[in-house]
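Structure, as structure tokens:
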Amino acid sequence: MAQEMTNQNAAQAVQPVLSVRNVGMNFGGLRALSEVNLDVLPGEVVALIGPNGAGKTTFFNCITGIYTPSEGEVTAYPKNGKPKRINGMRTNLVCELGMARTFQNIRLFPSMTALENVMIGRHCRTKTGILGAVLRGPGTRREEQEVVDKSFEMLTKVGLEKLANEYSRNLPYGAQRRLEIARALATEPFLLLLDEPAAGMNPQETEELKQMVIRIREEFKVSVLLIEHDMKMVMSLSDRIYVMEYGRIISTGTPKEVSEDPQVIRAYLGEDSDA
Amino acid sequence: MKSKWIVTVLGVALAGMLAVGCGGEKKDDKKAEAPKQEAAAPAKKLVLGVAGAQSGDLASYGLPSVNAAKLVAKEWNAKGGVNGMQVEVLPMDDQCKPELATNAATKLVSEKVSIVIGHICSGATKAALPIYKDAKVVVMSPSATSTELTQNGEYSNFFRTISYDLIQGKAAAEFATGALKVKKVAVIHDKGDYGKGFAESAKKAIEDGKVAKVAMFEGITPAGVDYSAVIQKIKASGADCVLFGGYYPEASKIVVQMHKKGLKIAFITDDGVKDDTFIKLAGVDAEGVYATGPQILADNPVFKKAVADHVKEFGSEPGSFFSQGYAAAQTLLNAVAKAGGTDYDKIVAALHSEYVETPVGKIKFDAKGDAEGVSFSVYQVKDGKYVLVK
Amino acid sequence: MSRANILRYLKQALVASLWLSFLTLPIMVIRVDTVEQTVTWRWMHLAYMAGGSFVLALIWYIMMERRDLSQAKRELETVERDSALMRFLSDPRFARPLMAFGLLVAVAFPWFFSLYQTNILISALIYVVLGLGLNITVGLAGLLDLGYVAFYAVGAYTYALLNHHFHLGFWAVLPLGAVMGAFFGILLGFPVLRLRGDYLAIVTLGFGQIVRLVLENWGSFSYGPSGISNIDRPGLFGISYSVEQATTYMYYIMVVLVLLTIFVTARLKDSRIGRAWLALREDEIACQAMGIDNTRAKLMAFSLGATLAALMGVVFAAKTTFINPASFTFMESAMILAIVVLGGMGSVLGVILGAFLLMLLPEYLRAFSEYRMLIFGATMVLVMVFRPEGLVRAKRKVYKINVEAAG
Amino acid sequence: MEYFLQLFFGGLSRGSVYALIALGYTMVYGIIELINFAHGEIYMIGAFMGLIVAGLLTSLGWPALSVLAIALVISVLYSAAYGYTVEKIAYKPLRNAPRLAPLISAIGMSILLQNYIMLAQTPDFLPFPRLIPELAFMERFSNYLGTSDMFIIVTSFVVMVALTLFIKFTRMGKAMRATAQNRKMAMLVGVNVDQVISVTFIIGSSLAAVGGVLIGAHVGQINFAIGFLAGIKAFTAAVLGGIGSIPGAMLGGLVLGWAESFATGYISSDYEDVFAFLLLVVILIFRPAGLLGKQRAQKV
């Protein structure tokens, strides 16, 4: 009980990095999301779980500008900037603001090398134009070198430094997932949105991934919001968990609280008990 | 490895197509061989370039001139050549495209050709002429009718055996307002260089004549399947005569569809339509259509002989601009013979002064390069044939 | 090759040849005249067809099996290997002297070859630049533009009209043409760029047609189908050249422009902008989610391609000295696209090879006169079947890592 | 009003010509998402086959209507065989190639087929016998519609209905829809995708042949180059109506026909095609999926 109190106090005292209020999303007559409320605090790892088709990815799409929410408010709080309402903001501006994501079905750029994939992440933090690229003056060269160095650093963080010059289409599956994270990190986000990062990984890879996320959070001081089905990972990694079913948040709290919530057990764990 | 089989693929493509292609080529080869073997004996030869559309969708306008040149060359070679030089025909394709025409022209210039029949289309001719002019090559077109080509007076090396748009349009307009006494004329064209040129000169002639009015002036989409909208418009305009500038495919479609829609007014058109293919295409609907065309004396012996030779040599009736091509080959070779060589000035002088009996009449060329004695007459389709209207 | 294999190939080829002979029988053999009601039978054609298609089919099947084998092999290997030729070409020890040699040949060419050869080489070079320009739009940014020739026309008419009315010279109009191209690129680009894939293709095709039709019909502006003639060739300090001199001069201008274009595209390809284009081509959604402004990137690619096309339009008008709308048909767009795809999308070297192949092949196939377009079409199909990624596969830059900085 | 009706029916007849070719086009595109430039050439080959058969039979003295029927059947069979073969040579080996490769091979095929017909037959225009007899009762309407116009309108309509039913209710039709939506998934659930694509080409080519013969007889002339423009117009019609949608192809064809007809009638035929293409551009900008096409949500 006391634990719960402090948690709630913390949520009110500290300014969140992302706050979602009463967001709903309709596709024609279909109600995909309704009254979703969610906060991510600085440095927090928050998990969004729920059965398939609950609307988790739709929610990601709503807060990254791929869809415009039908109702509600999505507000982002960049590190040194003013709070910004981001419903329906263009995807690239959301990213520029500092919210970078990965995709459930890996979306790398297959005929670019691993390093170049990460370099794409640097795009919004650099500014060479056509003229600069053609003339390649000292400024451009410096910037280009900075992009390469930073990107390689990101690759090192996810353990892909040896595969830097390989085409991303030729990377093994696990490496592709990690490359997506490196690419997102390269945009210097304050909030990292991971859509099922462990999908298709074996237990060992999943464990490595978990360690990596912990490392990244420490080192880059980013908050993480992740969708994940692997309960072991979710339970041990997240600070807080939101459970979604049929487009609604049905439960929220620490992993322990959530795992004891009868609603969650009925809706999710009950069906998936063998997982 | 890979690069090796790129080359192989290309090789295969070439070899294979040759094998497939042999079917048609064989026949031509035999004929081409005959003069070549004869040509091998005397050392000197005279190359007659024939440039124009020889492939692509306008090939049917360019190929007859090549045949015509071959026939005339054969005739001269049988007589021992021009000044002892065997004549060799060198066809050069431009598909009627200006950029390909410049390539063809530079190729002919590079091969030191001094006389050229061509080009077929006015646009291609305009693009190629500066190159010929610079290299002092005499060019004679059987079919480029754009008025400015000769009337601008810019190209002293250019001649043609066909009269030009301005005269033809005027002839058609005068026939309509004079002989047919029409009051309202619908002038339409196929938006092409030739058709629009003809239509514009006809329009101007009608307006200048002040006897009749131009009820409408519009371009139609070439190669369209349906012209009913423009036909309804003609109908609504109350015109009592249609004047069409363009070629026979469109002309035949319009005539047929006009009749289907019950619009049976006089249809006057140009030399691009005065072709037997038009009558074939339009069938019974061709009856009564007027077309202007170069004056051909029906009983002109040279014309009759040329056609007979063509049938004998190639097994078919000659196509468009055959007579003009034939005349061009005759006058050019005659000029070389009279000039005693391939000296540019002498050839030009001979063209200006020497009369030659050709399928288009007895001609020589005026100061601007147009054939004197070539004029337009009006023909009408009667019983499936074009006959001269008196 | 084992005997069983050979027998199998022969059997397959025989079947294919019988099938093709049957297929082509009516069209190859029969000619009818529906007016005279006569029918001509040309049975010899069938024999040629059967023989020809047998040989072709035999080669086809052998090549096909080799293709599938090598494809299977490639899929097994995770590391991609280049062909010996490509390794040779990308090795700086050989590449440098080779380039120098190529440049030397290019510079010396007009002194050793005829006017005709120089002339068609200029055409080929124009298409090299056009190909490289479209390569930016299609090859790098993945925007299928089927109306590219419209910008070529914009450039050509800019020069032709300015020269005709105001006697502006080549050098004055060259930059103006580029500006016009960029302007039209942005103008047309804005509304259509939110369309994806094939819809973009068909809309650009429509725009291409509209530009040509307007040029054809708006006689008082463009002189309609009769075109504009006597356009000045490029001059320098008011000296007038003969055709031969002007062609040589033109040739060198083109060599410089080609080098410039190669320089620009090669630099762009491995720059921040080039990477953004590539990302755009590979995955639009991921690209935008990574912070790239798709609309901006698309507009840049579209208008840069248009600029190069317009630049070449100016050169084209100056070269032929005559232009009319018939030079800017859809077939022309298709041809430039074919250069890009055949050469290898995204690869500068590939596009150059593609341009030379497609422009010089028909020219040197003059010997085959009537058959050259047939061969040309077949070549396009065959290259695509046996090398769908194009003659030269695009390669990405290998970065050397500054280890210290990366720590 | 009279004038308006004339233009309306003129547009209807022209539009149904576009629709007839567009039906085959939209089908092929809907299933393999390839702008099949060779479709126009198959249409042209269909017309030539019809001409050859008609020429043969007429020289033997057969009556026009039976000639038309037999010419249609043989032309359909042959064109289907051509379509099948073209697919096997130029597209099937490219199933897994980059997206633009089949497009280039289609353009190459189109050039190849055009030149093949030009060399094997003739570069000239050939008169096509008027196989469609004039029906007496149509005489009254001749100011609006001729018999052959009527013939084409009815045929396109019948083809549209038959095709819709085929795709909705037969096993093959369902397999086609499955392939169109997701080729990989279709393969996984046991659809023989190669066979489906072959059948698609065969049906598409048969339709092109029907169009070739009927339109040849309607217009009265053909040559080797007619396929190109027909292809572009048909494709425009298909996109206008919503590519992949069969009633859409019909509607697209008609809308295109009307647009051209009214543009000519009330403005000027000089800009007939400009209006057609402008219409296309405007519709695609404001309704990217075409008139009857379904907007597919992008999957993320």
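Per-chain numbering from 1; labels A, B, C and D assigned in written order.
Convention: a contact is a pair of C-beta atoms (placed from the backbone, for glycine too) under 8 Å apart; a residue touches a chain by one contact, two chains touch by 3 or more.
Just so it is clear, the model here is predicted, and its values are computed rather than measured.
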| item | value |
| --- | --- |
| Pair joined by more contacting C-beta pairs (B-C or B-D) | B-C |
| Most distant chain from subunit B by Cα centroid | A |
| Centroid spacing, where centroids are CA-atom means, of subunit B and subunit C in whole angstrom | 33 |
| Subunit B-subunit D separation of Cα centroids, rounded to whole Å | 35 |
| Intercentroid distance (Cα basis), subunit D paired with subunit A, Å | 49 |
| Interchain centroid distance [CA atoms averaged], subunit C/subunit D, Å | 29 |
| Touching two or more other chains - residues of subunit B | 21, 23-24, 55, 191, 219, 280, 283 |
| Shared-contact residues (touching 2 or more other chains) in subunit C | 28, 35, 45, 217, 285, 370-371, 373-374, 378-379 |
| Residue numbers of subunit D (touch at least two other chains) | 115, 119-120, 122, 127, 270, 273, 300 |
| Contact set on subunit B toward subunit D in their complex | 21, 23-24, 55, 57, 59-60, 63, 188, 191, 218-221, 223-226, 228-230, 232-233, 235-236, 248-249, 252-253, 256, 260-262, 277, 280-283, 319 |
| Residue ranges of subunit D in contact with subunit C within the complex | 33, 35, 45, 48-49, 51-56, 58-59, 78, 81-82, 85, 89-90, 93-94, 97-98, 100-105, 107-117, 119-122, 126-129, 232, 235-236, 239, 243, 270-271, 273-274, 277-278, 280-281, 284-285, 288, 298, 300 |
| Residue ranges of subunit B in contact with subunit C within the complex | 1-3, 5-6, 8-10, 12-26, 54-56, 91-93, 96-99, 101-103, 106-107, 109-111, 122-123, 126-127, 130-131, 134-135, 146, 148, 154, 191-193, 196-197, 219, 280, 283 |
| Subunit D residues within the subunit B interface of the complex | 3, 6-7, 9-11, 13-14, 17, 115, 118-120, 122-125, 127, 130, 142-143, 146, 215, 218-221, 223-226, 229-230, 257, 260-262, 264-265, 268-270, 272-273 |
| Of subunit C, residues touching subunit A in the complex | 78-80, 263-264, 267-268, 271-276, 278-279, 282-283, 285-294, 300, 304, 346, 394, 396-399, 401-402, 405-407 |
